[in-house]
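Below: a set of structures, written as structure tokens.
You will see subunit A twice below: alongside subunit B first, and alongside subunit C after that.
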Partner chain A sequence: MMEQCSYPSIFIYGHRATGKSHVIHTLLKELELPYATVSCVECVSVGLLFEQVLLPLFGSDSASLLSRSPSLSDFVRVYKQLCVQASAKQTRYIVLDRAELLRDMEANLLPAFLRLQELVEDNVTVILLSEIVWDKFRPNTGCFEPLLLHFPDYSKGELQQILSEDSHPSYSPELYSAFINILLGVFYSVCRDLRELRHLAALNFSKFIEPLEQGKVKESDTHKLWRNIEPHLKKAMQTVYLREVSSVQWEQQLQMEEKEAGAVRGLSAHAHVELPYYSKFLLIAAYLASYNPARTDKRFFLKHHGKIKNTNFLKKNEKPPPQISSLGTLQLLNQVGHDDQLDAPKYKCAVSLDFILAISRTVSFDMVKYLYDFL
Partner chain B sequence: EMTSSVSKGCFVFKPSAKKRRKTPTVEDYFTRGCEDTENSKLRFRNCQTLWEKMNADTELLQDELNRKILDSLLAFIRKSVSTFQRGTDDWVSRMRAHEIPTAALVLGVNVPDHDMTFQCLSDQLQQSVTPFVVSVQATECAALNHMLQRVLERLMGTSVSVDNEEEPEQCSTNVNQKRVHCSLITLCNWYKTVTKVCTASSTARKKRTSVGKDMQQHPPIVVIFKDLEAFNPKVLQDFILICSRYVEQLPLMFVFGIATSPSTIQHMLPHSVSSLLGIELFQSLSCTQHLASVIDKVILTSQFPFKPNGKVLQVLVSIFLYHDFSVRNFIKGLQLALLEHFHSQPLSVLCCKKEAALVHATELSHRDVERLQQLPSFMRYVEEQGPQEQVELLTSVDHVKEVCQKLLKDLCKYHKNYYTTLRCLHILTASLPKYPLGKQIRELHISCLEKNVWENDEYACTLLEMKKSRRTKKMSQFEILRDQALEFIDSLVRSHLAPPESQPLYEVCYYSSSAVLRRHLNATPRTSIQTALSNPYHYLKNEDLRAEDGTVSNAAPDICIVYKLHLECGRLINLTLISLHLPNDLFWKPSEICLGTSIVTCFHKLNRNMCIARFIQAVSELEFLGFIKSTKQKTDHVSRLTWGGC
Partner chain C sequence: MSKRKVKETHMPVGECISQVQMILRERFCHQRLPEKPVGMESQHKHLLELLRRTAVHGESNSVLIVGPRGSGKTMLLNCVLRELLEVKDVNKNVLPVHLNGLLQTDDRIALKEITRQLNLENVVGDKVFGSFAENLAFLLEALKKGDRSSSRPVLFILDEFDLFAHHKNQTLLYNLLDVSQSAQAPVAVIGLTCRLDVLELLEKRVKSRFSHRQIHLLSSLSFIQYLDNVRSQLSLPQDFPDTNFYDEWNDDQSVVDVLQRHYNSSKDFRSLHLLLMLALSRVSASKPAIKPTDLLEASRVCMVDSKANILHGLSILELCLIIAMKHLNDIYEGEPFNFQMVHNEFKKFLQRKSHSIHNFDKPVVIKAFEHLQQLELIKSMDSSTAKIQKEYQLMKLLLDHSQIMEALQKYPQCPTDVKQWAIVPVLET
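What follows is the complex of A and B.
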């Protein structure tokens, strides 16, 4: 791989936390190869991408050679220029992480990177990392086919092995391994993400070894340890895994005694929104209009308006001001259809049934009578 | 000579400085429209003093109410900083993910009020925690590069370039500013330089006593997202992804300003992004509670001489409850009522602190004394007096002034008693089931303002409910005492909670034109447009336009004529058919022709093409106003957008 010309481009794909960038970066560091790594999400402009490629490969002065708004040909020209000054003894590597974002940038960027070796006449290989398969990348106009490498998900055994490597320094590796086993038993069905599992292991290990610390059990009593930790892990799945509560709050909760710990209400428990009176009716009407079939509208809406006229508070000269745009800003109504249809904006109600039922209860409007699906 | 030139042109002559008129001040505007300019300056000053006090009090209240939530927010930020400082010493810190501490601040749907809260938060953070605080709004962050640019520019104070933008013509004012790249790497480098400088000079600086050593060395960078729901989710997600890559080098912290509920975070951010944040929830005071505190401070007190009457208060409260939940708009409505009162009521010169009012009473002009005598409440007072007294009151100006002073003192006493009794009654009845007299004290206050509260059915029921006793013949000690207490309170209510209309000179302090207020605050532009179109004389006041019974004269603007035409049509209007049958004298305009030295007005018929052209122009104006709209259902047709009594 070092002195010969290597394959111009490699495409590596796999799910989150399957070790793609970890393996690549470890390899490049261990073998002390010259490389530049760029995460495409940071590159709000193409110039930034080019700069971040040139800086690690050619030093801090190289970026100044680029013009203010460099195009691809500028980049190629500068690269060639810099190559002349610092010719490559080994293959240079350019690692592009989150490469799927290249598809949204200028159309010539992706094909160019795939055959950069040819364009700059230098011994360089471009490695693309992505979670999306190559079939979704291939441009319509065709391109150079890179070498495809797939990183499959870890199996349960592999996860066990990897996670057990980072055992806690104060405890035996076997104990930690048992802990990981229990953790995987609870979480493997919902989560295979290595990073997330490691995070959960870190948060919950202290609770796991609590009975050991307190001297209640011995290391070999795995069953007792399991009984202690399993309900907490199940609760963790409902709360900290879903980020209903933050990790810090979770740690605090674990430290508190059972009796003291009140339930920390998760984020989604606070779904109540206080709305002004007319906004509530507007939202109800929008919900009815969005979710009832169009032909039933006449039947429901005439009755609906009749109901409003019967109540006393809508006086004749008082008209509710247009609040549709503010409901849109609150994401309770979504705009549907083209932006350029200014004369006929279409909206759709974006709230759930539970939410709208709660609201209709606060204004004493029996909503269920008007919902087509419930008749 | 100054206007001679080779080509035709337009020449501007600015007025010379000497001739330039003095720009009118607010006071001039106020006094210009006043009935009586003699005391209008005094009224203006009263008005201003009262408004400044009201403003200061409500701002103080806002600060106090915000304090609790700001304190907990500051505590959270300080705690997060120390977590950052802990570093990777222990095993847990090495293993766990580095999340960005995030405070989810739920503020409520009254978005206009949030600006003040965020300003307050920003200021407090900059004073006591860190100088690196930046606020962003959704409107400025339509794309990722804009967002990064705003954040970087506001933090670093230099201008940040985004490559694909054109270089502006003028350079920035500060010549030392360089243009830097729009990326977080720049921010990292800047942060390192700035904190090195800080550490070097921290020994010299002994000011910050409340900030820990950690924070002096590594002050956190706080990014406040003022209106989270309005942000483009993709932009937000990308921003968080970028920031989390630098979380070890930059101590970043986020504050999300949420209007609806915290579950909006889960709607906007997928799990892969929200797992990069450590989110904790902070709820602020509900806006109805805030309103209750404001009303308590500004209206239910004898400290403020100005008072809105029942209907006016009802208008303001219903706008709050039905439309926008905005306390700021409520206060603006009160300010409008204040201004209207002082502007329209000449006797409001007496509406100020008691001592000053007594002095002004002695200085009333003859015209003002007449006005006083004509006040309905004063006339009622006169009728209740003996014949001797009545004669004096109607004839002697000095006596009227003396009596006025006495009545003003009585009014003050009335208010002191009223509010105390009101609060007693509220506490007594607020916890009853089904809230017969209202759950909030403002509801009770409004019913007391409108009529004698003891005549209310609910009041009688309330007393009865509280007097409920067991059906034993002998009443227990407690029940006897209870009945006595209730009778005492009932007597207090009857003597002190009479509505203000029962007090002479109440018009001085109470503003009662709720219709005027409603017209200003609940504007209906559609009604104005329709009036203008169907009856142009109403606004233009041109005699040629005067027309009876809903017809419109041919001299009216074209759009009025076409508007009337369209009202007679059905849902779909056939434009071609109408334009074929337009009478030539449908639109005519008087025009002035210069014949020699005299100017002659004549009306002329339009030719066919001109008529059709004007018709089409008027139709497009009508479309612009939103009355009709082009439709695909039939060619050459337009559809009506409004119905019925237009």
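What follows is the complex of A and C.
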């Protein structure tokens, strides 16, 4: 409804990639309504937010009317001023994406935007988009309640339909549909985010059609194609899906597979942390000291020479070896206790069992023998 | 009779509908004041009398209008102001100054705003004042008319009054109320707030200068009156040429039930307007009247549990994690848990009872857990996240038992073993 009033604020919520901003922007563009869209992630200061609202609605010199670090009061005043000069019969729309970040900005921002229509005395509607429910936004003393709208998530069938629209030009849509079907079979129970699934589909399609290109199978041999791609999709779940390798690395890996017939190298982050020799031992020692009860130390270490130390291992004027602080920076060791105990700092090991087992394997140290829980 | 009929023009349906939409939207979107506020006659009279005494007789006053959100405080004030400004000599004299606690977050900003609204920016110029009081006194002095000794009456309207009480030393409030007590200039200080305990927020010296006059807007409508209001909200004014909407659904029992439910949860007009706005948005040229089903649908949209909607869109893995957390809450009676505990509970299910869920790697499960954290369905107990590894940080589930069970019923294609697990936990053997 263009020349008529609109409700002062609307709150739209729904999961990621359910089409919230897409639908809003398409609607606003098609109906040619005046609007300003701001993503709250980009607004590190409120001044940026105000600027990005004023510029699309009132033209490029409107932002110059704002002072250097404008307050909300300045913004409302400038808006009223600009309204008088450029009054419009049509409702203006302000779209705030990732609106949950407004809660962390100044406390008056969210309640003021909800009733902006009243404050500036203009026909303006503020649309808030978020994936978090409205109950978590409400301030303590209440506020103007917006109209709540929910964007429902896509069903499996709908996801299949949408993903199939990306089909590759040189292959038939049925083939792509079959590929999407297989992809959803592996990933649907874990992830229903449309963006992630599209990304995974784009990365893995070339591997899927590899046997076709090599002439080994025909298009109708879906079973063979499935057998080819399924282990790769499972591996993708452990690596690319978790962002432990980048997409570029993944694509290279897929191509390298042809030439390297042997065992696939571990792509996880563990293999990428290269520590010097002594640091590895320090880490192992720290893990043992952190996780074995103190009374068992004697039992394990009586015959062992001094490489492995207890947490309070410093003599009076000794400084801790620099490897400790570098392990701290890598967040493999955490400092516990107060900062002012400078001459006897206490540390705690912050790695998981799998990680430390991997490390100990690289130095050929049988850790399991020394762990209390494994006796 | 027949003459009147001839006068009625018949507009095409489309234009008719847009006229209707315009009138009703103005009402529901709070852009137009009603002719007379409903159910607040005594408060209206009281406030009008008070302001008239300031405007016409030069008596200083202060009053607080207190009422919950949406009860009509601003509406009442605007109606009173409208009526007041209709009197001719009042209109020329009185200066309203509107301040809002949300916008004027600082006394300095508030003072600039007052200067601006009184159109005294040129007069103040570059003067530097020692204190707030000096500045305010100067402004009021400047308002004195040419030969007369008294300055023009000023109405200070402070919206979100409780926010002004959080300013440093409450200087603005102190000075305004001080002026209203002393004989400097005829000033009326009108505060609007939603907090019933607003007086406790004021400092002793500020409270003593306040006249302790409070107007409470606590809605006392009965259900019958509420129904009447709904009817009048939806009816069109007399001079409208064509249709009347309400006859159809007036007697429908389901509509009365819907309205009863709304009345039970909140009596104020704002939530009613929200409901009617949703129903109105379905009216178009092809569907010219509001039907009972529209109202039912609008009510359903208003009353829905948003968290249930979010739960509907989770993946199966995330849902299993939530069920594991529910069991942990049952066993440990609401004590916080960490990721390892949830994972162990989930693995118990996978090993013994599951046929349909694949055994996922730990990092994949961690990613699902983090997604739940981003959706704010679980929250960490302490804010310092640096010291403890993320798998061992204590968390709390922000859903309750009934929400989870309801979500499971509605979840599309939920495997039966998951549903069974939700009802009967896997016990230690």
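We take it that the second predicted complex is superposed on the first by the 257 of 375 C-alpha atoms of A that agree within 3 Å, B and C clash if a C-alpha of one lies under 4 Å from a C-alpha of the other, contacts with A are read in each partner's own complex, and residues count from 1 in each chain.
By definition in this document, contacts are C-beta pairs under 8 Å (C-beta built on N, C-alpha and C of every residue); 3 or more make two chains touch, one makes a residue touch a chain.
The model shown is predicted, which means the values in this text are computed figures rather than measured ones.
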item: First (subunit B), second (subunit C), both or neither touched by A:Y188; value: second
item: First, second, both or neither for A:H168, with subunit B first and subunit C second; value: first
item: First, second, both or neither for A:L332, with subunit B first and subunit C second; value: first
item: Contacts of A:S69 with subunit B and subunit C, given as first, second, both or neither; value: first
item: Partner chain in contact with A:E42 - subunit B first, subunit C second, else both or neither; value: first
item: Touching partner for A:L275 - first (subunit B), second (subunit C), both, neither; value: first
item: Subunit B versus subunit C as contact partner of A:F365, first or second or both or neither; value: neither
item: Those residues of subunit A which subunit B touches in one complex and subunit C touches in the other; value: 242
item: In the complex with subunit A, residue positions of subunit C that touch it; value: 18, 21-22, 25-26, 28-31, 68-70, 74, 100-106, 109, 113, 116, 162-163, 194-195, 270-271, 274, 277-278, 301-302, 304, 306-307, 309-310, 312-317, 357-358, 360-361, 363-364, 367-368, 374-376, 386-389, 391, 412-413
item: Complex interface listing, subunit B residues touching subunit A; value: 79-80, 83, 91-92, 95-97, 99, 101-102, 104, 106, 108-109, 111, 144-145, 148, 161-164, 167, 181-184, 227, 229-230, 238, 241-242, 245, 259-267, 271-272, 274-275, 277-281, 283, 286-288, 320-325, 522, 524, 526, 629
item: Touching residues on subunit A, where the partner in the complex is subunit C; value: 1, 3-8, 13-15, 18, 71-73, 76-77, 106, 108, 111-112, 117-119, 123, 131-136, 141-145, 147-150, 152-153, 155-156, 188-192, 237-238, 241-242, 244, 334, 336, 350, 352
item: Subunit B contact footprint on subunit A (complex, rising order); value: 16, 39, 41-42, 44-48, 51, 68-70, 166, 168-169, 195-196, 198-199, 201-203, 205-206, 242-243, 245-249, 265, 267-268, 270-279, 313, 317-321, 323, 326, 329-332, 343-344
